[in-house]
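Both complexes below contain chain A, partnered by chain B and then by chain C.
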Partner chain A sequence: MKHALPALIVALAALLGVALAAALLDLPPHAVRLPGDVAANLAASGVAHPITAVLLNFRGYDTLLEIAVLLLALFGVLALVKPHAATPAVPAHPLLQTLAKLLAPLMVLVAGYLLWVGAIAPGGAFQAGAVLAAAGVLLRLAGLLPAWAAPGLLLRAGLALGLLVFVAVAVAVLGHATLLTYPPALAGGLILLIEAALTLSIGLTLAALYLASTEVRP
Partner chain B sequence: MNAALAFDLLLIAALVWSAARALTVADLFRGVVLFIVFGLLMALAWARLGAPDIALAEAAIGAGLTGALLLDAVGHLRAKRAPDA
Partner chain C sequence: MSVGLLYALAGAALFAIGLAGLLALPHLLRKILAFNILGSGAFLILVGLGQRDGSVDPVPQAMVLTGIVVAIAATALALALARQLLERTGRMRLPEDRDDAEVDDA
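So, the complex of A and B:
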């Protein structure tokens, strides 16, 4: 009886796997030629890397909603955290502290590089933000950052900046054409502006998911 | 059999093994470590499939940050259980 539920889950997962495999075999070959379409319109997207062009230009709407979902997830975590339960940082081993102090500036540099290189090669706001967040988590583990229970005004502004800048750009280009259709001449600059704001907000949000979860309401 | 195919087969075997172990192992801490191993192997698989963007995201978010969050959760569970034991 104890193993009935896991067995059921495994059976259902296996069924899903078989269904997915069947659907994959049933797929018509090359129903749509998206890579070709992307390559044909890449020159007008403002960036030279196809993935960034899709994420920030052709399918910018998806990325906009993704950022909103990430912010909502953080709201959920903050709602679970006890108010004013910020715990002071516990000093860690000096070796770890020194390592964190050496690595943190390097990680910020790597994040900046990933953000910039996203226009021409693999990289972009999510990866850069994740590296920033990892730097935050490392500093927390080394006892150099306190846990945040109630983010201050500046922190809240940083968390919301990505979504706000994205929505502001989306509204600003509404007069030009439809939602998130950038004028080709400005596309490169607008994408860099959005990605820079996104990097900061994603980094803060992902780090906050970790830093805020230290004290949870019983 | 050439070296690339052998590497891919080894990678697939390691992926399935780490996924199965992460789900079935009794100790939570071991499960989390196996999950992180799975995430890193998955990033390698994405890189092999020619999707470096997804590989970067998987390594940074899937293995790194999710792993840190899960390790933190395991620590909390242990701290909560310790007084009862």
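So, the complex of A and C:
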């Protein structure tokens, strides 16, 4: 009797999976040709890579809301951790510390490269931010960074910078046309500006999601 | 059947597995992992359908990239909440009805 409910749930989920698969197999061909639209407008987007063009230009408001969601999640995590519960960094093995010190600058370099190359190839603010965040987590694991349960003013400014720059650009170009429609001549520069601010904020936010809530337990 | 459609079908299977785990597993860490598997299934369906005719559609790829970051943020918040529950109640499962709780403790 105790296992009746889980078995029922598994059976129903399997049924849903089969129904989903049947629906996928039964789908008609594409009604809308989005790749064609993207390719046709790529020249006016300011960047040469279609995914970056979709993320920062054609559907820029998705990315705007996304960085806001990221910041909100961090607010939630910061509200849950007790500031006094955060312990200072406990030094790890010397080998790990040396490796982290060697790798962290290289990771910042890779993040900068990913940010720049996003205009023409796979890359961009999220990939670059993820590498930055990984550098932060690595430094924390090596005991070289304290916990961020109570971020200082500078750190808070860095966390908010991406959203603030994005909103400022959105407001600045509002007179041009609809929301987040950049003037084609300025689009490349504006996208790079937004992406640079986003990289910093995404990297800091993702790192903070980890660093805010970790206590090193001896 | 194209490779893209195969990805989408695998995504449907992952979605069902994740949903079953989310509903049936009581441990919160397992629930959070199942939630991530469910989300990955949805991403795989989107990306797979976007390239089922051979050419890559950049729009679902950009949507999925956005979705991955939101899923990370949601996971981090869920883990922080689960940890708070562990510190307050000493248990990694949601409080059940009184009858169920007694059965669990027995």
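For this structure, a couple of remarks:
Here is the rule we go by: the second predicted complex is superposed on the first by the 203 of 218 C-alpha atoms of A that agree within 3 Å, B and C clash if a C-alpha of one lies under 4 Å from a C-alpha of the other, contacts with A are read in each partner's own complex, and residues count from 1 in each chain.
What we mean here is this: a residue touches a chain if its C-beta (ideal position, glycine included) is under 8 Å from a C-beta of that chain, and two chains touch if they have at least 3 such contacts.
As the structure is a computational prediction, the values presented were derived from the model and not from experiment.
Contacts of A:126 after superposition on the shared chain: both chain B and chain C are touched. Counting the residues of chain A that each partner touches, chain B and chain C differ, and the larger count belongs to C.
Applying the stated contact rule after C-alpha superposition, one finds that A:206 touches each of chain B and chain C. By the document's definition of touching, of the two partners only chain C reaches A:29; chain B does not. In the superposed model, A:16 lies in contact with chain C only, and not with chain B. Once chain A of one complex is fitted onto chain A of the other, the partner contacts of A:180 are absent, as it touches neither chain B nor chain C.
By the touch criterion defined above, A:51 lies against chain B and chain C together after alignment on the C-alpha atoms of chain A. Of the two partner chains, chain C is the only one that A:38 touches; chain B does not reach it. Within the superposed three-chain model, A:134 lies in touch with chain B and out of touch with chain C [touch as defined at top].
Common to the chain B-facing and chain C-facing surfaces of chain A are residues 51, 126, 206, 209-210, 213.
Within the complex formed with chain A, the chain B residues making contact are 52-53, 55-57, 60-61, 64-65, 68-69, 72-73, 76.
Contact residues of chain A toward chain B in the complex are 51, 114, 122-124, 126-127, 130-131, 133-134, 137, 206, 209-210, 213-214, 216. Listed in rising order, the residues of chain A touching chain C in the complex are 2, 5-6, 9-10, 12-14, 16-18, 20-21, 24-25, 27, 29-30, 34-35, 38, 50-51, 53-55, 58-59, 62-63, 66, 69-70, 72-74, 76-77, 80-81, 126, 202, 205-206, 209-210, 213.
The residues of chain C lying in touch with chain A in their complex are 5, 8-9, 12-13, 15-17, 19-20, 23-24, 45, 49, 53, 55-59, 61-63, 65-66, 68-70, 72-74, 76-77, 79-81, 83-84, 103.
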